[in-house]
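Structures are listed in the sections that come next.
Heads up, the next two complexes both have subunit A, just with different partners, subunit B and then subunit C.
Presenting the complex of A and B:
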């Protein structure tokens, strides 16, 4: 027990505290002199349009992920679990999960190529099905870049949440479904009045996990656009990296990190509160 | 008359069921294609040359040659794989051992202060690597561990211990306590109880934990990118972006490198699906 306490306090907790200290300083990169600047970095944060853009992008990430990876995955999981053959259920769960096993770097690079105007699959596919007017440089345009990245992330992540929902649905006793069918409830009615309420705990958890994840997004943006074009696809994570490590504004980077900390802490507390509540009984 | 009136609705429902079933299956199949096709495209592009890649993107490679795969392997991927394997194995061992020992302490010992330890460990679940990034870099530079294997092994362990402990603890709580009580009566020490009795009983959850850790550290990017800068210290995900930067115009080599990096984890997933799913389910369900 002692060793895990030491490791955690040293490498997980202490840096968080240290991050707040760093966020009140500014370091001269040439002399290495550390100046205490109070809340100046936070003032700068509020006036930085890129921070607001990044925050919006993080929210868009969270919102769209909730739609697809929580509610979409829930419906999909219920559909798969409703199939008669166990072999097919296992097959679809596994197929949809494959992208989640692959690293975000690989899928990010893969979709970088798919979105490419010249060699990419997406524009070629649109052309082939007669939607040629939609063709555009998906990652090269300020309007579409972040949404193209979010779309990739849905492709990668929905199988994971589908799998988790499937496990939750399997825990519902079969008799309840049989009774509902006897009472003449159709599939949509069963989904809405039976499956949904009985997996509410999982749904709540998934919403929270998804929000936390959306505010830690880094990898896919870094690989696919690096935050561009013109900072339109920056998220807090990449802007923090850009400021802290490319432009050597450690203090300012730490202030951005503090924003991420506050958001993830709030969702973390929500998660604890949610799991502590009484579970749905059946 | 009577018979048609009763027969008609039944027939209607069966047509309706068939239509909805067909719709459902075509939806599942389309979604399956959307998921799998990009991956096949990636692997196939590894066999093409640039001329073919710039041609019809849907075309199959005209001749199947392993040349690009061999080139990708020799131009860096081999070294990245070695680093990734090393970091993954070492951090998996550290994480699982520390977590199992902590979970054992939390569930089986009578030490005081257990609630505090529990809060510290589970609280760690909420903290994200991004937030700690800048202080950690400064700390590792001061410790002289920056740009070493140790940096990654320590970080992967520290940030995965909370989750892994959480899983193993949940499993240990469900184990009957009579067994180790009997062992204590027979004079077994704490260490003996852990190694001889509890750990072997936890084998299934340990397997899940190892698989989940492998998945994490094989794919981890942000720590690997920030904490290592030398070429001999590069893990696969970071190495891929390096290949991309170096061979950006030689697309087929990049595709081959991506395929090589994705393949092991997909194989591991299919081989260990059972544990995978259990680990995921336990991780979020409790």
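Presenting the complex of A and C:
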């Protein structure tokens, strides 16, 4: 017990505390000189327009992911689990889960080619169905780059969430559905009044996982745009990397990491509190 | 610190961080490591091979964790200076400086590119510079010759467009490709002493009108020669591929890429591949004979436990025989070792390019390695905005100026 506590403190809590300490310094990694700057990095962070842009992008990522990967996946899971045939249920679960089995880096590269302005599938498809006016350099435009990345991420993560919701729905006793049908409840009423409340814990968990995941997003942005063009698709994770490993501002990078930590921690606490308060038991 | 000229003990491990991580380049160091281990059975060579993009982050991670290998890749300019400033590079003056046997084997300009504080810190491996590669067959079909002036280049692009091809494939997802165009145009439009003064944030003011002029010239190239703002959604590798696939008539490339652009397997035939220097505008105030480029090389870790062995390995790497291998296809990296690159060893285009480099009056360093990281980042992001039509040339210069001021205040 004591050993596990020590290991936990050393590998989990000490780095968090150390990160806050680093965020009050500015280090020259080449000379090793460390300058204590107090809260100057946080002041700089407030005045950095790219941080606000990155924060917006993270929130957009979280918001759209909740819509698609939580509520969308919930509806899809309920639809699949409502199918009479077990064979078809297994088939659709597999179909939606397959993209999640592909690594995010590979997915990023795949979608880089799909979004390619000249030879990409998306623009070619738009052209062929008469929507040529929508053609964009999806990853090359400041207006669309982050949303193109988010769209890829939904494709990649949607199936995983669906599978988790499917498991949660399977745990609901069948008699409850039978009783609801006998009471005359239609599919939408059953979804809203039965399935949704009885999977609230899973929904709460998925919201936490989705929001924390949205604030830790890194790989897909690095692979697809590197945060560009003109920093328009930066998220806090990539801006942190840019500051630390490209511009040598490790203290400032640590301050950005501290913001990510605080946002995800607060989200987690709020969601746990909400879920506990509204827990439904049967 | 150990004496770099001390006798070598052929025992232990030599760790090397290279920039030869690409599939077509990685066998070079792998073969050398094997050969060196065969020559010296007590030695093990450990390679960490990174790509052009990944080597930057990897190097800084290794520096921050005090884990730099015995030998590591470096660019010239501010990048290399950081290692010297942090006492992480061995002063090699005694072994590679003027009058030394090893130093005499290199092109003098290449060795001098790694001088910091009047001392020699780098081992140049190859020379690099930027040229416009072109498809001779497409030029012939469009009825145009190799352009000699900037205006001729623009006219050539218009003529090529009429034949239905993309005149220049340009991918700027990584942001540095446009920085390279602008670097060459700045060398033409801004006098060398002004440029070098502006590389130092404490002296920089970016007030020379050549800056804005160079950026306007880039926009002219973008408008007439490329696919326009969509370049930010295309990677440089895709653009190079388009040129190799004979889908575009030109690609602005490093001499290192000549042998990869046209091979016996690519639609662009070796005999159809030609190159020229990006033509200088007629009224430019800078140096029309300047070429953007720099040697790239390696430094020895000052904290290495076996500095003489690391130096000996690099002497082996830069021996005439291995320099020949490096300069010949499929690698095609023109060695910094004197008297090796000739038509027997290298492709005729590489030999010709090397002559142009030798005749250049000034080697304009890459903007993203000559400047401090913060200023370099300002160039990279604002030039992406310029390419995407969301910033004007004046706004780009202002942003870079602000970045230099902020850097100077720190």
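The rule we apply is simple: the second predicted complex is superposed on the first by the 260 of 282 C-alpha atoms of A that agree within 3 Å, B and C clash if a C-alpha of one lies under 4 Å from a C-alpha of the other, contacts with A are read in each partner's own complex, and residues count from 1 in each chain.
Just so we're on the same page, a residue touches a chain if its C-beta (ideal position, glycine included) is under 8 Å from a C-beta of that chain, and two chains touch if they have at least 3 such contacts.
Since the structure is predicted, the reported quantities are computational estimates derived from the model, not experimental observations.
**Q** For A:63, decide between first (touching subunit B), second (touching subunit C), both and neither.
**A** Neither partner.
**Q** Output check: A:245 vs subunit B and subunit C. Expected answer is one of first, second, both, neither. What do you get?
**A** Both subunit B and subunit C are touched by A:245.
**Q** Name the contact category of A:118: first (subunit B only), second (subunit C only), both, or neither.
**A** both
**Q** With both complexes overlaid on chain A, does A:237 touch subunit B (first), subunit C (second), both or neither?
**A** First partner only, subunit B.
**Q** Look at A:254 in the shared chain and tell me whether it touches subunit B only, subunit C only, both, or neither; answer first, second, both or neither.
**A** Touch status of A:254: first partner only.
**Q** Check whether A:140 is in contact with subunit B, with subunit C, with both or with neither, and answer first, second, both or neither.
**A** second
**Q** Is A:4 contacted by the first partner subunit B, the second partner subunit C, both or neither?
**A** A:4 contacts subunit B only, not subunit C.
**Q** Thinking of the overlay built on chain A, is A:204 touched by subunit B (first), by subunit C (second), by both, or by neither?
**A** In the superposition, A:204 contacts neither subunit B nor subunit C.
**Q** On subunit A, which partner touches more residues: subunit B or subunit C?
**A** B
**Q** What is the contact status of A:72 with respect to subunit B (first) and subunit C (second): first, second, both, or neither?
**A** After superposition on chain A, A:72 lies in contact with neither partner.
**Q** On subunit A, what residues does subunit B touch that subunit C touches as well?
**A** On subunit A, the overlap between the subunit B and subunit C contacts is residues 118, 241, 244-245, 250.
**Q** Quick one: in the complex, what on subunit A touches subunit B?
**A** Counting only subunit A, the residues touching subunit B are 1, 3-5, 7-16, 18-19, 22, 76, 79-80, 92, 94-99, 101-106, 109-111, 113-114, 118-121, 124, 128, 155, 159-160, 163-164, 167-168, 187, 202, 205-206, 209, 212, 215-216, 218-219, 222-223, 236-237, 240-241, 244-245, 250, 253-254, 257-258, 260-261, 264-265, 268-269, 271.
**Q** What residues of subunit C sit close enough to touch subunit A in their complex?
**A** Touching subunit A: residues 56-57, 60-61, 63-64, 82-83, 85-88, 172-175, 227, 229-235, 238, 373-374, 377, 381-382, 384-385, 387-388, 390-391 of subunit C.
**Q** Please output the residues of subunit B touching subunit A within their complex, sorted ascending.
**A** The contact residues of subunit B facing subunit A are 20, 24, 27-28, 31-32, 34-36, 38-39, 41-42, 45, 53-54, 56-58, 98-99, 101-102, 105-106, 109, 111, 117, 120-121, 124-139, 154-155, 157-159, 161-162, 165, 215, 218-219, 221-222, 225-226, 236-238, 240-241, 244, 251, 254-255, 258, 261-262, 265-266, 268-270, 273, 277, 280-281, 284-285.
**Q** Okay, in this complex, where on subunit A does subunit C touch?
**A** Per the stated touch rule, the residues are 28-32, 112, 115-118, 137-142, 145, 225-226, 228-231, 241-242, 244-250.
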